[in-house]
Every structure is written in C-alpha cells, then in structure tokens.
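Here is the structure we will look at, set down as structure tokens.
Should a chain be cited, it is by its letter among A, B, C and D, assigned in written order, with residues numbered from 1 in that chain.
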Amino acid sequence: MKKFINKTDDFLRESLEGFGKAHSDIIKVNFDPNFVSRKNKTKEGKVSLISGGGSGHEPMHGGFVGHGMLDVACPGFVFSAPSPDQMLAAAEHVDSGAGILFIVKNYSGDIMNFQMGAEMYSQKSDSIVTNDDVAVEDSTFTTGRRGVAATVLVEKIVGSLAEDSGSLEDCKKIGEKVNKNAGTMGVAFTSCTTPEAGKPTFDIGPDEMEFGVGIHGEPGRKREKIQSSKKIVGNILDAILDDLKPENNEKMLLFVNGMGGTPLTELYLVYDDACKILQSKGVEITRSLVGNYCTSLEMQGASITLLKCDEEILKNWDAPVHTAAMRWGM
Amino acid sequence: MSVNFLISQAKNIQKVIDENAPEIEALDQNIGDGDHVFNVQRGLKLVVELENTIKDLPMDKALNMIAMKVLSGIGGSSGALFGTFFMSMAKTTDLNKNINFNKACEMIINGIQAMKERGKAGVGEKTMMDVLIPVSDKLKDIKNKNEIEQELNDVIKIAKDRMLATKDMLCTKGRASFLGERAKGHIDPGARSSQLIIETICKSVINQ
Amino acid sequence: MKKFINKTDDFLRESLEGFGKAHSDIIKVNFDPNFVSRKNKTKEGKVSLISGGGSGHEPMHGGFVGHGMLDVACPGFVFSAPSPDQMLAAAEHVDSGAGILFIVKNYSGDIMNFQMGAEMYSQKSDSIVTNDDVAVEDSTFTTGRRGVAATVLVEKIVGSLAEDSGSLEDCKKIGEKVNKNAGTMGVAFTSCTTPEAGKPTFDIGPDEMEFGVGIHGEPGRKREKIQSSKKIVGNILDAILDDLKPENNEKMLLFVNGMGGTPLTELYLVYDDACKILQSKGVEITRSLVGNYCTSLEMQGASITLLKCDEEILKNWDAPVHTAAMRWGM
Amino acid sequence: MSVNFLISQAKNIQKVIDENAPEIEALDQNIGDGDHVFNVQRGLKLVVELENTIKDLPMDKALNMIAMKVLSGIGGSSGALFGTFFMSMAKTTDLNKNINFNKACEMIINGIQAMKERGKAGVGEKTMMDVLIPVSDKLKDIKNKNEIEQELNDVIKIAKDRMLATKDMLCTKGRASFLGERAKGHIDPGARSSQLIIETICKSVINQ
C-alpha cells in the first residue's frame, strides 16, 4: 500500500485535523465523537442539515459544510457508516429550533446508524434517503438502490433552501424531488485500497472495467472489457435515461464525477462525450459540474449524474455557497 | 453468567476472529466493501479494553457500557446491529439476580430480536440474521432442557449449516443486495462472523 | 492503458472541448491554434497575463483563466510545451494596450517556444520564468531549476495585481518576488501514463517512491523506500526551508498539491504533518491551499510549496478570483 | 537539392524513426519525459502530409511552410529547435537557383547555427547539439571537396560517435539537466534522433 499515512489507526483523525486547520475560516472539526461543523453557529430558526457516511469519499461530506450547504458532516471510518453518537452530538451541536434534516445515502449501515441517532435525539428531525444509483435494480423487497453522487446535488439544493428559511417540510420535499429527479451510474478502471486492508478491494484485469461500480468499490452490473469513452458514456447515459425518462428538450444538470484517481482532462473528455450524446437525444444541458466530489479513495473511474431541473431546483442550485469544496457567489 | 464471563468470551472470540480474518475480509470484498472484519475486530478490541472499567459493575450497567462502545466504536452495519444486540440484552428484566443458563438464553434471544427489528432482515435474506434467527429459535427451544451439551452442539451445527446456506442465496438486505444474481455463490461475511462467534461461545460453555 | 479516451490523436481536443462547454460562463476555448481565453474581452489598459505549458497538469493552466488570474492559457500536447503560434494568437487575441506578461515554467522547451512567440509578437511584452523546484540544484551554467506548483501562486498573485491596474513592470516585479519567495518539492508513489505512450513513464517498485520527482514524471533527487508521511513531509520541508531560509516567525503560505491520483484525505493528512513540523520550526502558516492544482496526469504523490508572504502578497492572494479551478470572493 | 528531395528524405527519416521508436522513447523516459519520439513522429507526419501543398513551390517558400508546420505542430524542445532549423534554412541566400551540394551544406550549416543560438547549447551539454554542431563543422570542411562519398561516411561516423559520447556526459541544457549525476549513463534522446536523421540523409545521398 502506498499512501501518505503514519499509523492506520491515526489515518482518519490526522486527516480530519489537517482538514480543520486548512479550512479554519469556515469549519471546525470536533473529535470524540467526530463531526465537522460550521465555524459560526447556525442562525436561530434555520433548519439544520446533517449528513455523513463512511470516510473515503472526500470532499463528500466534510467539504460541503458551510454557508448554503450542510451544517454538519459526520465522517465514519473509511467505508464504514458513522455511529449514532456522532449524529446525536452533531444534532445537539447545531440545534437551532427549526428542526434537523438528516441526509442519508441508502445503505443498511447508514440507515440503521442514522435512525438510531435520530431516535436518541429528542427534538424535531426528519430524513432524506438518497438512492440515485441506477446500476442497481430498484425494489421494495430489497434494500433498493445505492445513494451515490446525486447526494452532492441534494445537499447543495436543500442547503440553499434551508439557508433561505425553508421549513423542515419544504427542505425534505425539495430534497426528495432532487433525489427522484436524479440518476447516476459509475464505472471503475482500478480498485481502491482502504488503509485498513492495505491491499486493493477487488482485482481487475489490465483491460477490464467494472460497469456500475459502487462507491465502496462494490461490484456493479458487470465486469467488461474496457471500451472507448464514447461507448462507456453512451452505455451509462442509456441506463440513466431509461430510468429518468425525460421529456423531449428536458432541461438537465450534467454532473461528471471523478472517483478520485482519474485526471481532470479525462473527466472533461467524458463531459464532452456526454454533451454530444445528450444533444443527439434532445436533452438540454442547463447546468454542469465536473470534478472529484464523491470519490472512492484513489479509484480510477467516473460516474455521470443527470438531474432534471425545474425553476425551483435551478434557483437553489445557483444560490451562493461557501464550503471547502464548492464555492460560488460569495 | 457474569460480567467476567462476557469479557472472557470477548477475548476468546477475538482470537477466533483474528485467526479467520483473511477469510472474512475476502468474503466482504467479494460481495461487500471489505471492511466487515475490521469493524468486528475494532469492536472486540474496544470491548476487551473495557475490562477494568466494567468488571465490577452490575450486569445491566456493564452491558450498556459495552453497547455504547460497540455502537460508537464500530460503525457500519455491524456497529448498529451488534450495538443493538447489547442494548437490548441490557434491557432484559431481573439482571441483578444470579444469571443462570435460561436467563442467559433469554438475554440472547432478546438481543437477536432487537437486531431483527433494527435491520428488518428475516431468514433467507443472506445476512447474519440467517445464522442468528435460527440460533435464537433453538435457544427458545432448549431453555428448559437438561442435556445442555448435546443441545449446544446442535446450536453449533445449526449456525454452521445456516452460514453455509447463505452461499446460494440471493441477497435482499445490506450492501450485497445491490448485486442481484452476482451475490450468489458467496457466503455472507456477517453470517460467517456470527457463526464463528456462536460456535466459540457454545464450545466454551460446553468445556466449562 | 486505462483511460477515458476515444482516439489518442483526439484526446487533447476533446478534453478541451468538454472544458469549454462545462465552463462557458467564464472561458472560451479556441482551436488551431489552441488557447483558452476569458469569455469576456480583457478590459482596455489591463496588463494581459498569458501562461501555458504541456497538457497533463490540469487544472493548470486553463483552469486558472478568468477574473483575477490569467487572461489566456496555451495548452501544448500532453507534456510538450505549446508552440509559438499559440502564444502569438493568444497575445493578439487579448491585446489591450497595456502589454503582455508571459508566465513560463523553466523548461528549455517552454522557454524556447515562448521566446519565439514573443519575438513574433509586435507589441510590448515581457515574461516571468518560474523555477521553484528545490529538488534540483540551481546553477547559472545549466538550465537551472524546474518551474512547478508555485506557478499557481504566481498566476494568482500577479493576476490580482493586473486586475487591479498594475503596470507591466509592477506585475513582473511581484511575480518575480513570489517566485523567489517560493520553494516546492514533490514525491511520487506511482508513475503517470501519457495517452501517446500508453504505458507508464517510469517503473517503480511497490514499496518505492521517487523523491523530488518532476511534474512530467522526470526522475528526482533519489529513489527511496516509501516512508511514513511524517518522514516524507519532514524531508521535503527540510529541503524547502534550506532553500528559503525564512526568518523566525516568518509568515508563510502552505500549499499541499496533489499530483492527480492521491485522494484528498491523504493531502489533508500531509497538510497536518506539515503544520506540526512547521510550527515546531517557528514558521507561522498564514494562508493555505490544499488540492490538485498542478498535476501529472494520474500520478500518485504530492508536492509541498512554501511561500514567504508580505503584505503585498497577502493582499493579492486574498483578492477575488473567478476561474474554473480557483474561486473566491465572487 | 529540390523540394521533392526534402519530401523523400522526410519519408525515409519517418521510416527509420518509426523503426527505432521504442529505443528513442525509452531514452527520453530515462532522463526526460518520454515524449521526444512522439514529438518527432508528429512533426515528420505533418511534413510528409505537406507533399501536395509544397511540391511545386520554390525552395524558400516550401521551407517556410515546413518550418511553420514543424513549429506549430510539434511543441516541446524539439518543435522549437527543428522549427528554427527550417526557418533558418529558408533564409539562406540564392535559393531560387539550382541548389548544388555546396549550397545544401550551407543551408544545413545555417540551420544548425540558428538552433545553437535558440537553445544556447554548445558541444558537451548532452543535447542534440552534440551531434549537430560537429556535423555542421564537418560540412563546412567538405563543402568544396570532391570525394563526397568518403566525406559523408565520415559525417555518419562523427554523428554516431558524438551521439554515443552523450552517454557519459552530465547534462546542462534541457530537461535532463535537472538530473545532475543521474543523467550519466544514458544517451540523450535528441542526440539519438538527430544522429538517425543525419545518417539517413547521408546514406541516401551516397546511394543516389
């Protein structure tokens, strides 16, 4: 394993400490239990947004704490959902009277831990569960689909509404709309390596890719030979459009997300391929986001997310945001 | 059953899990995200480290401390589930009296019931519950029996059979549920770790 | 080779096209010759800043075009300096009457091509050559030191002064000050792979690192066994401080730069180690930057840059900037 | 020398460079950034593609078009240097007359002189100039001689010797200069490609 690391057990803490120091103008990292909060206390009467999940997906979620987005993020160990005491401490820390909205990615571990945290918390709270990964078949009998990169969009858009005095109900409503309007699928060229395992999560041949990979390096739809970017992007978009079934000339946000180890040049090339294909299918790209936002450690690969946009979504997407990893308008 | 018994079991289990760590890790790499064994090991380490803090506490207090450690120290699905297990054990009535075999069974049955409610997984969904629910059912059965040794050997066998049976299942709960057909042919990591835990405890009771 | 790519020959063009589409609100990509310019014409009387270099270091330089930073970036082929006609076209495109400042990294290829471009250009121009890589021994008899990550800081700080009506002379002066006040050193854990070569630029053992690596994957000071982050960071900082010889309590900007394939968690851990070490050496960290800014394709590794800051540098560092890859204050 | 001669030389050289591409690539990977051979190949391809555009043009115009292609199409150190070479060849006086061997030598000498000024590298700095400057000196020498074949064989030998000599040099110009002692023991990629070019041209003149 080649990583900047001192001791495996200290990896998360030292990384969080560095994060806290590098961004002390906007956030504060709290330890035992671990959570990243805004530097300034959330204003009275504002709905508080708390998200979290296993670490290893940086900048998600700590990098999204700040004005116009999250109030707190609870980082678990690498690829392990955070524990209920983190959520409880986070909730008690931000409590501003208007209620708490937990934004949770749809994994058993995350759901159970967030639920327990919410149960322990005595004030008003609710939750949104994101499940945008179209690689997985949806079904009410099973755990359903995974929550992946669209979580970033949910956090931004709900964050804006919350900042703009949206009620807990309205925040939940727009968050669920964004989640429902979004679909994501990813591919991996290489595995990631967790500090604890010290070796790759999965083996993959020099000419293979995992189509529909999960953000923990979980297997996807199928293992395939690597193809041209155009083909890969085409297959991903087919799967997403199949799910979202947009109207003709539907306005969409196109989000090309790097898994961590793929250079920007390639992400922009993917973006270009996606634009061309979407144009030919009568989709109008109205907003875009390209970069590493919801990663899987050093995995090489990318995911594409499409989000159907209405006026309300666009307004809240465009609103100012000031976090470590996403910033505009201020 | 005493707090010291709990601690000594934790130590036994720690040894067994360590010995089988590469296998469990590989199982979670196959159909999950590879962290299951590290989660379990982290939890066991924390419990063992509690020894001095809890060894003189009453059972319910000790169990609550264990529950909090497990809940806050593990994370992931296993943290929530095992934490729930201990929280619920601690809620069993009359824990301040001497805890005999039947009472111990009752505690475990309570713990497993709470896990079932927390995770909403029944038998046949390819999770640790495939091992734990049948074990719990068997314990209900043997609570008032006398020939405990044979019964515990049966428990060991049930756990093992049910663990192995997860191999050919489709998964409908937890991370492996996302895999559809591709989950088939792999034993569930949580089922394997739970089975090892059950086996370790049963064996040490038998050898007492 | 595993990349999002269609045809090797189209790689750069398609990536640039995607970049142009994704950021059409701030930049425009021009082809044949290739250059990235601001969407809006530079205002009359403002000194124009033009930088460029081989591609493969994204977001440098195209990601730094926009208000408060560059006016134009000229991307060459992957790891090959751009050609004089690009610089000429760029210069003619921006020409706003106040002169042009070329910001060039110190490589023979870059120097020669920029020089030829400047010679072909008929109006007033000057240039700054960055050479911050302390891994390389400096000498007037040789090409000297390489220009690496501090180029990002030069572009930001000069960019602010130019936006603020600084003259060509003043822009050059502050740029040279920043360059002189900065030192950088990097390490690589893995090689990068150029699309044209299709295989890694260098071989490296599973437990080895290249200490002092160049941003084209050129060999550095030495090949070593990998060490703890603390040790690596300590050795890098020793080399930089040896060169910069700061005063006691000197105020410095600390810039931890990812080479492209290293996750943010590790970069923040490096940042944490660097903070601790610098504190123990009496350095005051007054500003920070952590992320992938000057990369080497998918190389795993990082560089650290220290910049001695005075009031003038801080003022221009803090000034608003709005580019694809660096944005604050607007 | 005619424009057609230039084009046919470009084709010959293209073949030779392609044959030796893996070696040249490896040389630039050892002490540079690995792109040298791709830069040279890209340039040759562009020149060969110019055939129809330039074949009926006067020499100076043709050379200028080649220079612009090379300059704009290659990039890197080689683009600037080879582009400079052609630009300067084009500036040689009296190119509209018949170009005899002596004139051709003069053009090449002019080209190499301009490269020297552009790159500021002299002999012994471990660059392509280690091959080209001695070749240029030799050409000055043989301009007015008669036994051209033997002289050209000498040129081939000089180019080869000087190319090999770069192996043990420290490098003081170009990317490899950053390596200090570590550059020793490796032949300079630009020296190797230049030597192959020189050899190819000389051989084809000899065989004419």
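To be clear about the criterion, a residue touches a chain if its C-beta (ideal position, glycine included) is under 8 Å from a C-beta of that chain, and two chains touch if they have at least 3 such contacts.
Since the structure is predicted, the reported quantities are computational estimates derived from the model, not experimental observations.
Following the contact convention of this document, no chain is adjacent to both chain B and chain D. Note on connectivity: the fewest chain-to-chain touch steps from chain B to chain C number 2. Distance between chain C and chain D, defined via averaged C-alpha coordinates, is recorded as 32 Å. Separation between the centroids of chain A and chain C, computed from CA atoms only, is 29 Å. Centre-to-centre separation between chain A and chain D, using Cα means, comes to 54 Å.
Counting partners per residue, chain C has no residue that reaches two or more other chains.
Chain contacts: chain D has no residue touching two or more partner chains. Taken pairwise by the contact criterion, the protein chains link up end to end in a single open path, with no chain closing the loop. Every pair of chains meeting the contact definition is listed here: A-B, A-C, C-D.
Listing the residues of chain D that touch chain C in their complex gives 25, 29, 31-35, 38-39, 42, 68, 71-81, 83-84, 118-119, 171-175, 177-180, 182.
Across the complex, chain A meets chain B through its residues 33, 54, 76-86, 107-109, 112-113, 115-116, 133, 135-137, 141-143, 145-146, 194, 196-197, 201-202, 214, 216-219. Residues of chain C that touch chain A in their complex: 2-6, 11-12, 14-19, 21-22, 55-56, 58-59, 63, 189-190, 206-207, 209, 226, 228-230, 232-233, 256, 260-273, 275, 285, 288, 290, 292, 295, 297-298, 300, 302, 327-330.
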